[in-house]
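Note that chain A is present in both complexes that follow, paired respectively with chain B and with chain C.
Up next, the complex of A and B:
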C-alpha cells in the first residue's frame, strides 16, 4: 500500500511537470467553452461567410450546445486524452526507469493501479470541469431552457471514458510501444462501434454510453436503457484492469 | 557464510541457451568480480537474482531466502545499480531518493538523513538541479546512492564503469572501495583492471557457466605459469643464447621475437639457474631479466579459449 501511494505521488509529479495535467485541463476547458459558443454563434458565422447560400439553420438552443459538448468530448477529447497518456508505461519500459523501482520492492500491481488511478483522477477532474463550464455557460446563454437528465447523460460518457482508460492500460501492458497500444485501442473501438451497428447488440454495446447521451436529454431514450451497457462497461473495466495486472505480473523486464 | 548462492541455473531466450547449469557462491563481505565478455550472460544472471527475469531451472538463494520470479521479498536485501541507470528526468536527486525511501518502507526522517549521507559519499551533495541535466557519471553516482539507500546486505552493480571516462571510473571504484566491509558487492564487468583493483573474489562466466571461480590470489596461483622474460639489445645475442644446448629443452613453450624471449615452464627456479649459468658462461648481458606475473587478462583469455 505504501508503494502504491508513493508511486501515485510520483505519477502526479510526473503529470504536472510534463505538462500532461495542464494540457488536459486546458483542453477540456476549451471543449467546455466551445460547445455553447459554437451553438450560439455558428449560425451567424455561416451567414456572414456565405451570405448567398440557402441553408436551413435551426435556432441556437441549449440542446445544440450539449450536442456540441458530447460530439467534442466523445471524439476529439477522448482521443487526445488517450494519446496523451499512451506512453505512460512504454516510457518506463524503454528507459528502464521501472527496473530500479521494482528492485526497491515496489509491487507490480501497485505500478498498474497507481498509473490507472492518476490518469483516472486527471480525466475525471478535467471531464467534470468541462461539464461544469458547459453547464454554466449554457444556462447563461439560454436561461429559460430546461433540460432533463443532464447529469446522468454526462455520467454515462464519463463511465465510457473510464472503460477506454482500462483498455488503454491493458494495451500499454501488452505492448512495449505507445503506438501499438493506440492501435490496440483503435481495434477495440472499431469492434464496439460494429457491435453498436447491429440491431441485436446495439443496446448492450459500451458504445451506447457515448452515443446516446443527447437522445437521453432530448427524451428519445430512457435512463433504464443505460442500465445494461453501464453494467457491461463496469464488468469489462474490472476485468481489463485485472488482466492488466495479471499480464504485467508475468512480464519479464 | 555465503550471501548469494546460485544452484544449477539455466535460462534460454528462444533457441539460444544463455545460462547453462550455472553454480556460484558469493561469500559475505567480499567484493565479487563477475567477469565475462559482452553477451556472456552477466546481466541476465543478475536480473534473475533480482527476480526480474524468470529462470528456466535452478535455484537462487539470497541471505538464505529463495528468490521467486516477480516477488519482492528478497529484493529488500539487495541494492541494484543497472548498467546505465535511468531516472525520472523531471525529478531532483533528493526527491528521487525520497521516492526510493518511501517505496523501500524507510521512515521520512531516516530517508532524509541517509540521503544526505549518501549524497556526500557519492560526491553529489549540494546538487539540486533536475536529473535531465545529469551527466553519465553523475547518474552512475546517484545510481550507487539509490542502491545503498536502505542499507542492503548485497549490492549488485552491472558494469558500473563500462561507460565512463577514466576519472569517472576511478570515482566509482573509490566509492565501491569505501563501502567494502559494510556491504557485499557483486560487480560485473569486462574491464579486468577494475577487477584487479578492487575485487577480492572473481568468477569468469563463459558459455553460460562459470569457467573459473575463487579469490583473486587463488586463481592467479592456480593458473600460474612460471615465465621468465629476457631482453637483449642485439639479435645476435639472442641467437647465441637460444642455440645453447642447455637452453634448447626450455624453449618448448616460449615466445620469441628479435630481441626478446619469454620462457614458460613449471619450475621457475630451475629455469633461472640454467639461464643465469648459460648467460655467465657465454658472457651474454641481457638488458632485462624479469619474472612475469600472470595477469588477469591472460588468465581470462586462457579460460575463454
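Up next, the complex of A and C:
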C-alpha cells in the first residue's frame, strides 16, 4: 500500500513535469469553451462570410451546444487523451527505470494500479472541468433553455472514457512500444463500433455510451437503456485491469 | 458581425489558453534543442500555427530526452 502511494506521487510529479497534466487541462478547457461558442456563432460566421450560400441554418440552441461537446470530447478529445498517455509504460521499459524500483521491493500490481489511478484522476478532473465550462457557457448563452439528464449523459461518456483507459493500460502492458498499444486500442475500438452497428448487439456495446449521449438529452433514448452498456463497461474495465496486473506480473522487464 | 463584437469577452478564455499552450511549447522548443525528430524551425512552426494539436504533438512526439 505504501508502495502504491509513493508510486502514485511519483506519477503525478512525472505527469506535471511531462506537461501531460497541463496538456490535458488545456485541451479539455478549450473543448469546453469551443462547443457552446461554435454552436452560437458558427451560423453567424457562415452568414457573414458567404452570404450567397443557400443553406438552411437552424437557430442556435443549447442542444446544439451539447452536441458539439459530445462530438468533440468523444472523438478528438478521447483520441488525443489516449495518445498523450500512450507512452506511460513504454518510457519506463525503454529507460529501464522500473527495474530499479521493482528490485527495491515495489510490488508489480502497485505499478499498474498507481499508473492507472493517476491517469484516471487526471482524465476525470479534465473531463468534469470541461463539462462544467460547457455547462456554464451554455447556461449563460441560452439562459431560458432547460435540458434534462445532462449529468447522466456526461457520466456515460466518462464511463466509456474510463473503459478506454483500461484498454490502453492493457495494451501498454502487452506491448513494449507506445505505437503498438495505440494500434491495439484502435482494433478494439473498431470491434466495438462494428458491434454497435449490428442491430442485435448495438444496445449492449460499450460504444453506446459514447454515441447516444445527445439522444438521451434530446429524449429519444431513455436512461434505462444505458443500464446494460454501463454494467458491461464496468465489468470489462475490471477484467482488463485485472488482466493487465496478471500479465504484468509475469512480464520480463 | 455585431453579435461577435458584443460577445468578445466570451472568447478571451479560449484565446488565453490556446496562446498559453503555444507559448509554453515555444519556450520549451527554444530551450531544449534536442528533438526525437525534425528540427527547431519545423517545431516552432507546428507549435505556433497548429492550434491545440501542435503543442500536444510536440510534447508527446517531438520532445527529446532531458540532458
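We adopt the following convention: the second predicted complex is superposed on the first by the 253 of 253 C-alpha atoms of A that agree within 3 Å, B and C clash if a C-alpha of one lies under 4 Å from a C-alpha of the other, contacts with A are read in each partner's own complex, and residues count from 1 in each chain.
The rule is short, and it goes like this: contacts are C-beta pairs under 8 Å (C-beta built on N, C-alpha and C of every residue); 3 or more make two chains touch, one makes a residue touch a chain.
Please read these numbers as outputs of a predicted model, since none were measured by experiment.
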item	value
Touching partner for A:96 - first (chain B), second (chain C), both, neither	first
Touching partner for A:104 - first (chain B), second (chain C), both, neither	first
Which superposed partner A:120 touches (first chain B, second chain C, both, neither)	neither
Contacts of A:18 with chain B and chain C, given as first, second, both or neither	both
First, second, both or neither for A:80, with chain B first and chain C second	second
A:7 touches, of chain B and chain C: first, second, both or neither?	first
Touching partner for A:249 - first (chain B), second (chain C), both, neither	first
Footprint overlap on chain A, where chain B in one structure and chain C in the other make contact	18
Residues of chain A that touch chain C when the two form their complex	18-20, 22-23, 26-27, 29-30, 33-34, 37, 40-41, 44-45, 48, 80, 83-84, 86-87, 137, 140-141
Residues of chain B defined as touching chain A within the complex	47, 50, 52-54, 70, 72, 75-76, 78-80, 82, 84-88, 90-91, 95, 99-100, 102-105, 143, 146, 150
For the chain C and chain A complex, residues of the former touching the latter	1, 3-4, 7, 10-11, 13-14, 17-18, 20-21, 24, 28, 52-53, 55-56, 59-60
Residues of chain A that touch chain B when the two form their complex	2-3, 5-7, 9-10, 13-14, 17-18, 95-97, 99-108, 249-250, 252-253
